[in-house]
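Some notes on the structure that comes next.
When the chains are written out, they are named A, B and C in that same order, and each has its own residue count from 1.
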Amino acid sequence: MKKILTVSILLLIGLTVLAGYFFPQALGPILNLVIDWGILLIGTAALIGIGYLIKSHISRVARRDKQSFLSFVLLLAFSATIIVGLIFSFNHPIFTDLMINVQYPVETSLLAVLAVVLLTASFRLISTRGWTPMSIAFLCSAVVTLGLDAGSIYLGTEGAGAEILNFLRRLPMVGVRGILLGMGLGGLIVGLRVLLTIEKPYGE
Amino acid sequence: MNWSILGWGMIGISIILLIIFTFLFKNGRSYLVRKNTQIEGLKISRIKAIEGGLHRTLVLGHKLTSSSYPGLGLNSLAVMTGLLDAETLVDGKFNIATSQSSMVVFARQIVENSYQNGFSKDLTQKGVKAVLPGPTAYSNLVGLLYELDKHPQHGLILSGNFGPEASLLSEVAQAKNGYVFAAAGTIASQSALFSQVEDLMIGEDSFMLPGLLKPSPGRTAAWMTEDILRLLLILMIIVAAVLKMVGVL
Amino acid sequence: MTFSYEILWIVFSFLLTLMVLSYLLGDNIFFRFASHLFIGVMAGYVVLLISNQILWPYLVRPIVNGTLPGVLWLGIPVVLIFMLVLSQFKGLTWIGSLPLAYMAGLAAAIAVGGAVFGTLLPQSRAIVDSFDPAMWYAVPNQTWFRILDAVLMLVGTVGTLSYFHFGRKRKSMTEEDLEKRPAILEGLSKVGQVFIGISLGAVFAGVFSSSLLALIDRLLFIGQFINNLFRSF
């Protein structure tokens, strides 16, 4: 009985949303309702996920694990953000200052670390992948694109030279299009696999 | 030409083919897919990790649904079921991490179900943990870096929707002599991981992974349907291009 | 007051930057401290975001201000939410399959619709449109480039798609044959490999450039901070 109910809900929701692509006007109000409820569920699931994160750090602090003070820092930062967000509004300068001054330096610095990682990793290209058509194309394309971005490769602003430059800039789009088409096919089939209950991410 | 009708035709054909092939493969037919050397590496790493009592981490990416890469999140959940074999569920030391909070809930449900189906409905598993190191892409990254540094790691498996920051995770895992496998479906993550990870599944190959890990008639049917659909798409593009050139379209 | 408030944030940003960049020297306590602080702040932010953007407008406000039929309709998601929360307790996992089936159905349908109408059709159409003769002759001295563009686009896309063919060569004599696609597709996939390599290389260059810009930005910030610090003494 439970299985039938689960599959019925899956099909009902899946087919309603799919039909909404075909009859957007007629199914508009129902579709909005289904999506709104879905957003609510996803939001709740997200809160549950964060609940697990907080719970795991509370247990670390309670167990007095090695470096449990880090978990304490996390819990303190979490509580402070919630309190500041509740006292001041979401768009209040104090709250936005807090977010910007934490998020921006950390994320930009992580990107900076990534630059060093990418640079060192690029030296391992051939040892990782060997001399294959794909790795040679990768190497040449990366060098040419960096050259184009830095302005080192310059063939004029008009005429054949400019056309060649434009052509070089457009060339990577060919493979991107092929990869995206492939990902689209994969997405279509995996979605249908779920709707036909071949995959059951919701459990049995 | 009405492209929308073409889209519905694709969906219709896919559904029919999937149903027919699933039925055929349930009755003993098979579809031979090309050997995938990356999978061999993943399987060997699993044995080494279990034998050596080392930790493995599966990272499911940042999104359940995405407009640019539809289905990648769902695919990563299917990959997860393929990695939850009996030994892994019992031996433990297997962490499943994601930055998408709602995917943690899915992951926990799949882990519990796999355990109860394999052992007993009355038991609750403790070996595999589904965790949220951080609720956004970068907070997840730093949280994972901490987790990777904490335990002796053997395997890092990246499957799903990532950004280029995935290469930082792979670098750390490799620095600790760990094995890295990536089916990170986005172009940005693949380009960043290309020079680092030997066992990297590129593009659509990521969708091949669930069937390679845990074959089933439905997954084999999906391979064959996707192959046929791809050939039809190629044919459609060529014919449409010729018709456009001669002015019919 | 404003002066010290701003200075406080700048010092805070500076310290966070140093702590994160210290990871270049290896994992250390400063990096871990910054990481945990960041995770805590982001977790708090996401909770507030969900409460403000989802729970309040989609659940609380309609219940408080809505009409009776509207409130009754909300009973369905409320029950599903209740089931989802209950399923997190030991022994009650099974209750979660209904709300998760709802989310899975929604995600699957969005994936199917998005794949077909958001990726497959627009991308195919872009390739086909590049064969429009009107576009080729639009700029007289660029006709050959346009034709070359279109042909390359077609050949490259077909090659890339062939690379992803899952099936293998029927008559496999050697171990190597087991990795090969059927003959025609194998040939086309060789072309595809080159185009995939070109695309990944170009994207890599883009990713590297933007991360390099981030590195420069941080180094400039550190330099400016130290400079201002010395000037103030």
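One rule holds for everything that comes next: contacts are C-beta pairs under 8 Å (C-beta built on N, C-alpha and C of every residue); 3 or more make two chains touch, one makes a residue touch a chain.
Only a predicted model underlies this, so the values are computations on that prediction, with no experimental measurement involved.
Ranking all chains by how far their C-alpha centres lie from the centre of subunit C, first place goes to B.
By number of C-beta pairs in contact, chains A-C lead all other pairings. If each chain is reduced to the centroid of its CA atoms, subunit A and subunit B end up 15 Å from each other.
With centres defined as mean CA coordinates, subunit C is found 3 Å away from subunit A. Along subunit A, residues 18, 42, 45-48, 50, 53, 70, 106, 110-111, 113-114, 118, 122, 135, 138, 176, 178-188, 190-192, 194, 201-204 each make contact with two or more other chains.
Across the assembly, subunit B contributes 10-11, 64, 68, 70-71, 74, 101-102, 105-106, 109, 112-113, 133-135, 138, 142, 146, 164, 187, 192, 194-195, 202-204, 226, 230, 233 as residues in contact with two or more other chains. Contact with two or more other chains is made by residues 23, 32, 34, 36, 38-39, 42-43, 46, 84, 88, 93, 96-97, 100, 103-104, 107-108, 110-112, 114-120, 124, 127, 157-158, 160-161, 163-164, 196, 199-201, 203-204, 207, 211 of subunit C. Subunit C contributes residues 9, 12-14, 16-17, 20-21, 23-24, 32-34, 36-50, 52, 54-55, 58-59, 73, 76-77, 80-81, 84-85, 88, 93-94, 96-120, 123-124, 126-127, 142, 145, 148-149, 152-153, 156-161, 163-164, 190, 192-212, 214-215, 217-219, 221 to its touches with subunit A in the complex. Put simply, subunit B touches subunit C in their complex at residues 3-4, 6-7, 10-11, 31-37, 64-65, 67-68, 70-71, 73-74, 101-102, 105-106, 108-109, 112-113, 116, 124, 133-136, 138-139, 142-143, 145-146, 149, 164, 187-188, 190-192, 194-195, 202-205, 208, 223-224, 226-227, 230, 233-234, 236-238, 240-242, 244-245, 247, 249. Those residues of subunit C whose C-beta lies close enough to touch subunit B in the complex are 23, 27, 31-32, 34-36, 38-39, 42-43, 46, 84, 87-88, 90-91, 93, 96-97, 100, 103-104, 107-108, 110-112, 114-121, 124-125, 127-133, 150, 154, 157-158, 160-170, 178-181, 196, 199-201, 203-204, 207, 211.
By the touch criterion stated above, subunit A contacts subunit B in their complex at residues 18, 22, 42, 45-50, 52-53, 56, 70, 106-107, 110-111, 113-114, 117-118, 120-122, 124-125, 128-129, 135, 138, 176, 178-194, 196, 198-199, 201-204. Remark: subunit A residues 2, 5-7, 9-18, 21, 33-48, 50-51, 53-54, 67, 70-71, 73-82, 85-86, 90, 97-99, 101-106, 108-116, 118-119, 122, 132-146, 149, 163, 166-167, 170-188, 190-192, 194-195, 201-204 touch subunit C in the complex.
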